[in-house]
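In the two complexes that follow, chain A is the common piece, with chain B as its partner first and chain C second.
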Partner chain A sequence: MKLKVFSYSRLDTFVHRLSGLSKLVCFLLLTTAIMLTYDIRVILAITVLSFVMIRVAKIQFKQIRLMLIYVGIFLAFNFVLTYLFEPEYGVKIYGTKHLLFTFFGPYTVTLEQLFYQITKLMKYLSVIPLGISFILTTNPSEFASSLNGIGISYRICTALSLTLRYFPDVAQDYNTISLAQQARGIEMSGKAKMTERLKRVASILIPLIMTTMDRIELISNAMDLRGYGKNKKRTWYSRRPLKKADYVSMIVSLLILIGSLYVRFAINHSMFYNPFV
Partner chain B sequence: MNSKFSTRTIVATGLGAAVFFVLFTYVKVPSPIPETSLQTAYGVSSFFAAIFGPLAGFLIAFIGHALSDFIGYGSPWWSWVIASGVAAMITGFAAGKIAPAVEEGEFSTKELSYFLLWVAVANVAAWLVVAPVLDIVMYAEPVKTVFVQGIAAAAMDAIVSGILGSVLLKAYASTKTGKGTLSRDN
Partner chain C sequence: MDQECIIEFSKFGFQYFSQKEPTLYDIDLKIHKGEKILIAGPSGCGKSTLGNCINGLIPFVYKGTMTGSLKVDGQETRKSSLFKMSMNVGTVLQDSDGQFIGLNVGEDIAFALENDCMPQEEMKKRVQTIASIVDMEDYLAQDPHELSGGQKQRVSLAGVMVDDVDILLFDEPLANLDPKTGKTAVELISRIAAEDRAVVIIEHRIEDVLHCAVDRIVLISEGRIVADDTPDRVLASGILTECGVREPLYLTAARYAGVPVTAEMRPASLNTFDTETCAPYIRRWFEDSYVRTHAEKKREMLKIENVSYSYDGVRQILKNVSVDVYEGEMISIVGKNGAGKTTLASLICGFMDPDEGRITLDGEDLSRYSIAERGEKIGIVMQNPNQMISKTMIFDEVSLGLKARGLPEEEIRKRVDEALQVCGLHEFRNWPNSALSFGQKKRVTIASILVPSPRILILDEPTAGQDYRHYSEIMEFLKKLNENGQTIILITHDMHLMLEYTDRAVVITGGEKLADMRSFELLCSQELTEKANLKETSLFALAEKCGINDPLGFVECFIHYDREVRSNEA
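Coming up: the complex of A and B.
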């Protein structure tokens, strides 16, 4: 099991210096802006910005290579699927039809469909660098504290920081149990049938869950003994005070969101940008 | 459990999400339908939901799925992340009856069918209503695509949650000793 994908790197760049709270707020504002628009001009602008962020954060290609492969497969699959199910969705949206050529039957290739699908592709692609530059530059425990900063109950934030703290342990337990079961002669390779494989997963899951339940008792007793959950509020060791750069980046993100909404409601009068009329 | 969201539930949520995340990211069983896989993680979320209730269930699936998406794709696909959470949350409504029984070492046909009923309701609601509707509202996906994906997801996830969830509940129940199970040796 490879757990190397998730590698937070401690560097000293502009993005790293921002507090986790402002990075989370910026991420949410910008992804909302993307989510609410289908205008390729807005999308391209945010894409450029988010690739600039990757550069500024000095994220190396090898850190995100695997991620990019998954994303590529997902996007290609989504692209084909969209076309297979709705080959003329673009025509429906934009109201015109510029036929390029026809494969067979209903499978026509129109400019509208190409434009719709490319916009959609860019829409997905543009948020990915944002997510990457957020997750790879934020200290995991600061991440939990920043969620508390936007008003989420500290109990939920504790749960999240426990997740981030314990998932490597869980992965290691999983590996250990899997090896132990293989030593007992349970085959783990991909040859067997689906039901067989489900059975094998169950033979790992049962010990894994029992270990986890024991660990839950242990940790919650330790937390209770230290008086966890007594007060309405908690302070966070890893919380960083907001500086000028934090406010500036949050304001810039908010302006981008407002700008994208302005384009949607005042210029395009719809979610889509229509170059065909 | 004394209060609604006790320390034990918080910790269970955190570790449950960790297990969910690991399974969701790394342990997939290929299904008969090409390009899809059975997510064993849903077995874990329904198990935790049935013991720790709807809120814990929702958070386990939501956090686990969102983190997995963050790491796999850079950015979560929110509509499906929310649907995962909703599936576990609805399964969690079974906790009122299941949790006390399981803690007493009891998981018989009655509890099993009650659990499976909620699993079925949860997956239909999450994958045939929540996920497609959010896909259309949030991402303006074509209607046909999202419902076909929804049907496949509902069927596969219901099977995984049902089978693995009940196997885990049964196993967990058998580690608990019930009331009045001790008898004096004469």
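Coming up: the complex of A and C.
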């Protein structure tokens, strides 16, 4: 039984059919757009788009549940810490102050702060589904072939694709080893001290490293024996030439980036959209 | 031989830089095109090293000192390169799971062509052709990891055949296959052997390889070639057993019966073996030594009742399985890969909880215990010791579980010493684990599971990848534990193991319990062995050929006789 979390799933949808290269370009363009703006309208638009992508790619909730839990924890922390460090940052940015109520001392709750923090939250929320759909819909070797296509050394590309490829196996090993160590009486969870816990993690990591080294030796021998690295170049069985849909997607993403820059420089004249004035 | 000589060792020797002694000495060996050679020998005899010399991993990946000469296709290998040699020699490595490079079958087969910069169009055509030779053309889009063991091997084979190589080298091709799949694999290897190609098989499972004829057996022992002759002559000489390699079972039986085996009796295959000469000896031996036994029932200890399990809620891995394990017995759970036997073990250990049914130990429901608590009652030893060993020193490794449970230092020392004694590791107690051989590491993991004195010991494929000598060593050791009262469950697809060491076998196929019976009876039933991907034992066929009217009794008789011989040897 293989863990199917975090690994490429073979389906035939619009998103899967796009070349890995164009997906990477779209991902980079859209994240840049998100990074360069604090305008919630632009962010919302991209968020909607990225959730549509998840839908189109037929990604199921259980595939990404674990990832979402971690992201949720991270976002909650981020949200609280942002508030704790500068409870009136929103006031500073937007220049007005609509006080809702005060916890104590400097910890006021203002509409401006809420708006700022929600905008920030949405920024993360829009990028994450994009990343997820990129990882789960891209065939590692096809992706490697497209990276090689834009001039990156094929050795790097092959290494990358093999890493993606064997990640689920290593995750599986981790699981098996951890269970076996627990059966030997090593509790992984619980109230153990930090140093104690670190030692226990080591009791999984050392066997994991050993088995992974074995894997690497085997695969590199298998590759050598089949002539890997013989020539300065190589060809790719699974290369997919860029099609119309690829160009269209890239152009659309580029337009979105330009649009967001336009909103920033021509309409808002600032990184922020200010509804308070 | 009029065919051209394609591999030529003369006065060849090799020593790894990391080793004190040479691994190969004075090798003189010629292999011609059109030949099919079996290279046999116990683990550590140097047969894999010999294979690595042929495919170029030596000297280009594993460094060392070469003496004498080795020519592959007329070219001195030390002056060649790994790439040049890969054009001539195709190697199918032992573990096909770990050698897949491509994400789908087609891509994996194409890897050598990709490195050759073949244009995509041409590549796709070539892959198609090769895939159809090994009957995999319908699977090109599949993930190789999702295939069955036999199919995986076909893909690996196709991957080296695309290059149109002159030499096909198989490094222990049967190691990870169940008996039935192994049989198919041997047939496939035989089918692709051709006039203009040499096939070299490195393997210690002689009887399985000889299912299809080979031209010569080259036997290696302690780095030297000790026999290089036709299978009939090598088998007749009895040199295999001397070197710690297992003979075909029918031949062992013939020897027990006192048959004077000669090459003229054609012992290489049971089909050609002169059973007419054997029959009187074998019948007499059977009459003299057969004592019918009855399996005795003991107290039930572990009860698995109507257990079902599914990983995804859709496909049932185990369906309503019930098994009783009796106190003090050693049983095997068999079935092909993916049949659900490992899942069953995981359920017993509490790694997962059954969807339905329950598991009790001495009448107590196990579901209320955590994994660690269960670990004190039921210990599991995994197949690969590297998956378990996490400490540098042997003593620390074995004491790990006790330390984690917070026992006093005195007590730990006492129990670890005991376990090390039992496992024959006491003299090594202050050694680092890395200095041990695979079999010794295995014993370290067994010792570390034994220290909390579990009621039941489960071992997953305890002898996988072990040659006859190490196999006997590990199994005799387990037998001794068992005789001292340890209840043991073995998960395996090794027929010898179940036949020779366990009285009872539980067969799991497709998630269901197919049979629960005495091991030798199972291996005499064509119908059951077929369903469980096993192979009927050749002893049964031998008995039939010799006109014994109770072939089942003959197999049982052999087992008892053989056990005695073994424990006298050990």
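Definition applied: the second predicted complex is superposed on the first by the 190 of 277 C-alpha atoms of A that agree within 3 Å, B and C clash if a C-alpha of one lies under 4 Å from a C-alpha of the other, contacts with A are read in each partner's own complex, and residues count from 1 in each chain.
The working rule: a contact is a pair of C-beta atoms (placed from the backbone, for glycine too) under 8 Å apart; a residue touches a chain by one contact, two chains touch by 3 or more.
These numbers come from a predicted model, not from an experiment.
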> Touch check for A:Y174: first (chain B), second (chain C), both, or neither?
Replying inline: first
> Given the touch rule stated above, what does A:I267 touch, chain B (first), chain C (second), both, or neither?
Replying inline: neither
>> Let me test your reading of the model: by the given contact rule, A:I219 touches which partner, first (chain B), second (chain C), both or neither?
In response: both
> When the two structures are overlaid on chain A, which partner does A:L198 contact: first (chain B), second (chain C), both, or neither?
Replying inline: first
> Is A:Q182 touching the first partner chain B, the second partner chain C, both, or neither of them?
Replying inline: second
>> Quick check on the superposed pair: does A:G229 touch chain B, chain C, both, or neither? Answer first, second, both or neither.
In response: both
>> On the A-aligned overlay, A:L162 touches which partner chain: chain B = first, chain C = second, or both, or neither?
In response: both
> Given the touch rule stated above, what does A:R239 touch, chain B (first), chain C (second), both, or neither?
Replying inline: second
> Thinking of the overlay built on chain A, is A:M210 touched by chain B (first), by chain C (second), by both, or by neither?
Replying inline: both
> Taking the contacts chain A makes with chain B in one complex and with chain C in the other, which residues are shared?
Replying inline: 1, 161-162, 165, 169, 202, 206, 210, 215, 219, 223-224, 228-229
> How about chain B: which of its residues touch chain A in the complex?
Replying inline: 5-8, 10-19, 21-23, 26-27, 29-32, 35, 38, 40, 43-44, 47, 59, 63-64, 67, 70-76, 78, 138-142, 144-145, 148, 160, 163-164, 167-168, 171-172, 175
> Quick one: in the complex, what on chain A touches chain C?
Replying inline: 1-2, 8, 10, 139-141, 161-162, 165, 169, 173, 176-177, 179-187, 202-204, 206-207, 210-211, 214-215, 218-219, 221-231, 233-239
>> Looking at the complex, which residues from chain C come into contact with chain A?
In response: 55-57, 60-61, 82-83, 86-87, 89-91, 93, 95, 98-99, 101-104, 106-107, 110-120, 123-124, 127, 141, 143, 145, 159-160, 163, 311, 317, 343, 346, 349-351, 370-372, 374-376, 379-380, 382, 384, 386-391, 400-402, 404-405, 448-449, 452
> What part of chain A is in contact with chain B in the complex they form?
Replying inline: 1, 5-6, 31, 35, 38, 64, 67, 70-71, 74, 77, 81-82, 85-86, 89, 127-132, 135, 155-156, 158-167, 169-171, 174, 190, 194, 197-198, 201-202, 205-206, 208-210, 212-213, 215-217, 219-220, 223-224, 228-229, 271
